[in-house]
Amino acid sequence: MTDTEPADRRRRFSLRTSRMEALSDGIFAIASTLLVLDLAIPAANGDVGHSLVEQWPTYLAYLVSFATIGNSWLNHSVITEYLERADAILLRLNLVLLFFVSVLPFPTHMVAEYLSNNSAERIAVTVYGLNLLAIGAFTSLTWHYAVAERLARRDNSEDDVRAISAKLDPSLASDAVAIGIGLLWPKVAVALYLVIALFVIIPFRAVFRQVRRGRSSDLNRPGRGQP
Amino acid sequence: MTDTEPADRRRRFSLRTSRMEALSDGIFAIASTLLVLDLAIPAANGDVGHSLVEQWPTYLAYLVSFATIGNSWLNHSVITEYLERADAILLRLNLVLLFFVSVLPFPTHMVAEYLSNNSAERIAVTVYGLNLLAIGAFTSLTWHYAVAERLARRDNSEDDVRAISAKLDPSLASDAVAIGIGLLWPKVAVALYLVIALFVIIPFRAVFRQVRRGRSSDLNRPGRGQP
Amino acid sequence: MTDTEPADRRRRFSLRTSRMEALSDGIFAIASTLLVLDLAIPAANGDVGHSLVEQWPTYLAYLVSFATIGNSWLNHSVITEYLERADAILLRLNLVLLFFVSVLPFPTHMVAEYLSNNSAERIAVTVYGLNLLAIGAFTSLTWHYAVAERLARRDNSEDDVRAISAKLDPSLASDAVAIGIGLLWPKVAVALYLVIALFVIIPFRAVFRQVRRGRSSDLNRPGRGQP
Amino acid sequence: MTDTEPADRRRRFSLRTSRMEALSDGIFAIASTLLVLDLAIPAANGDVGHSLVEQWPTYLAYLVSFATIGNSWLNHSVITEYLERADAILLRLNLVLLFFVSVLPFPTHMVAEYLSNNSAERIAVTVYGLNLLAIGAFTSLTWHYAVAERLARRDNSEDDVRAISAKLDPSLASDAVAIGIGLLWPKVAVALYLVIALFVIIPFRAVFRQVRRGRSSDLNRPGRGQP
């Protein structure tokens, strides 16, 4: 495998992306579903309805984390859609990304547990924010690496690549700002994470575009690069 | 990505459905298997057989939820069978559907725990019913969106589309009725959910069709649109 | 979807088997991995080595169940290898099979817990045996249904079909015998389940065939129908 | 299925590798994600930050095990990339490998629990090392079996095969050495496992190659056989 090998032989190497996609989908699916184990059942004696309502931080943490993992999966899907093959470094960047996805139930549990406790909630929200930042950072890194190393399909236009970069990178800045806010007002940061996640899950722009164009048009197919 | 782009370029965008199917299968598989963690083992001292039998609400809840998730998966399979590609909104509708699938073990656990408790069982059965309704509603929504946006394959006949719609939509009404019944007689609602789920799992109509036609015929292949 | 439709249109219906395979692989993978959650860690005070060795029934139950699920997965793989498409009834037979696979951690847990308890171990071993019998029965049923309904690929020889049937059906008889033995001598039945599972996992016949033919031959490819 | 059958008919048998890959990806994904359930949340009363920091052996064990499973998955991906089909023995070797992957959370839990306990940590680290050795051994065995039985694609060069063997086999030696060290100095062995896993995850050689060649070259595609 020296530099003197012909280019067409080199191209034949490189791994299919199917295994990488399957492992990723598995870890995304498990990380988001394991969160349900944290939803505890109050004891049957006493006012069950009241106890269930009092658990609201647990539900909130569940919702934010599911939305965040869903969001991360959406970005990951777009990236692998553009990939033609994977190389040694890309597979490892992806593994580090999956590490931070699989660990998210831990800070989620912390936020749910500590949200009514003043000194502990600051720690929980900060660890949670750092985890989100790491997921965002390694998603961006994976994408930029794939583009730089030309692992993406040849038929992608420059516009698509720019559109994806323009979508992934700013979310890092908003995550960093939310961590700063969380150090001062932890509860505000949790609300912010919920807003960010819902903003991505609810496709405001896509819905708006749809409505504007109306149903009569035959051209209303959303683009691959902009889910 | 403006409206002036030619239609054939637009078609090239849109995501494969393979990632969406893989994530969905993962979450369906995990949500249905995690339910087994709720089946507790009675202490070895005392009459184990008696204790095991006394846990019947847990087994019932497990069975109903497994059948319900299986049913939802069957509908989901039929929908994706018709899909040619996914767009931004479809992927998000699917994520919301998966959210309600992944959360089902929580009300299942509640029903199992509270079924012998008068005031709590009403809450448990109602939350459970709302969860089932949400799963049904987002399954229908995903389907109608795909049809409206022409994300389905071109070669589907109008009949197939109508047959699927005719199958998905009425189940919403039966879920809503069961929630109402559950507010008055919670145990009746649980029995009803079991009947609904088994009615879907046991393919009465398909078996009947099979029997009527007999084994001699070469034409006994059930249709794609009607599992 | 009446009987007067032409045959070629009917053939176009029927679902791909990919979703069914993906859900099955997910449930097989989770059911076998969830078993590890039952392996408890003894408290650090006291003789840890001794406590670990004393947990042998837990390890045994884990091993038997992993081998049994692995065995069931092998049979399932062979069946789907022969399938060209799935129909309404096949998908449901498969769901019932997956139900019994996903529930196996429960009797496994019971066997591990009760193996040193005389009255309880009989119940545990019998429930475990019935679960294994149900897995075997629905595997056979799925196979025979697929063959009867001609859902299998056309290019399968009669010999292959007979070979698979000859492999699936006798295991039902051995499971039934083991249940009977378990009612009298529970520990013997557990040993028997281990032997059966290992007999399938360790490919004695295949190894023997390999050895007999030697490495020099170019013809030593084991057949598709006989893993 | 006798030795007199023609060779081309034999070739038609043999299973696709897709099911084997799907089950493997599922078990790799679950085994690595289940580890997060061991990360316990300290009680909210008291110094939460301090309690979290004191849990460092749990985090370390989590990190080492995730990296080890990731590493094993990388090797597994390379092997299946070369496979054209699976036979009876290969599927079973793979099941034994998956058994040792799925059981890894148990010794991981032990290491995390016993790392501050002198007599118990030796046992924990040794069991952990034996588990890693078994994963490595069955990965190598699967590979060598596939090569010997010519289950790999015909278009693989001898160089690729040698490169993979040269990568898999030495790791067995380093695992064995680490087990020996663990009997004397358990904590050193844990550090060593971390270093080995990170050395594989962080692609030093690939990064070095990349840097040396620079970004201007069009030839910088890493080879398939050397992730």
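In order of appearance the chains are A, B, C and D, and numbering begins at 1 in each one.
As a working rule, a residue touches a chain if its C-beta (ideal position, glycine included) is under 8 Å from a C-beta of that chain, and two chains touch if they have at least 3 such contacts.
The structure presented is a predicted model; accordingly, all values stated were derived computationally and were not measured.
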{"item": "Fitted rotation between chain B and its twin chain C in degrees, CA, nearest 5", "value": "90"}
{"item": "Classification of the chain C:chain D interface as same or different, half of numbers criterion", "value": "different"}
{"item": "Separation of mean Cα positions, chain D and chain A [Å, integer]", "value": "25"}
{"item": "Centre-of-Cα separation between chain C and chain A, whole angstrom", "value": "36"}
{"item": "Set of chain A residues in contact with two or more other chains", "value": "22, 26, 29-30, 34, 37"}
{"item": "Residue ranges of chain D in contact with chain A within the complex", "value": "21-22, 25-26, 28-30, 32-37, 39, 41, 44, 48-49, 52, 62, 66, 70, 73-74, 77-78, 80-81, 155, 159, 163, 201-203, 206-207, 210, 213, 215, 217-227"}
{"item": "In the complex, chain A residues that touch chain D", "value": "1, 3, 5, 7, 10-16, 18-20, 22-23, 26-27, 29-31, 34, 37, 87-89, 91-92, 95-96, 98-99, 102-103, 105-106, 109-110, 113-114, 117, 119-120, 123-124, 148-149"}
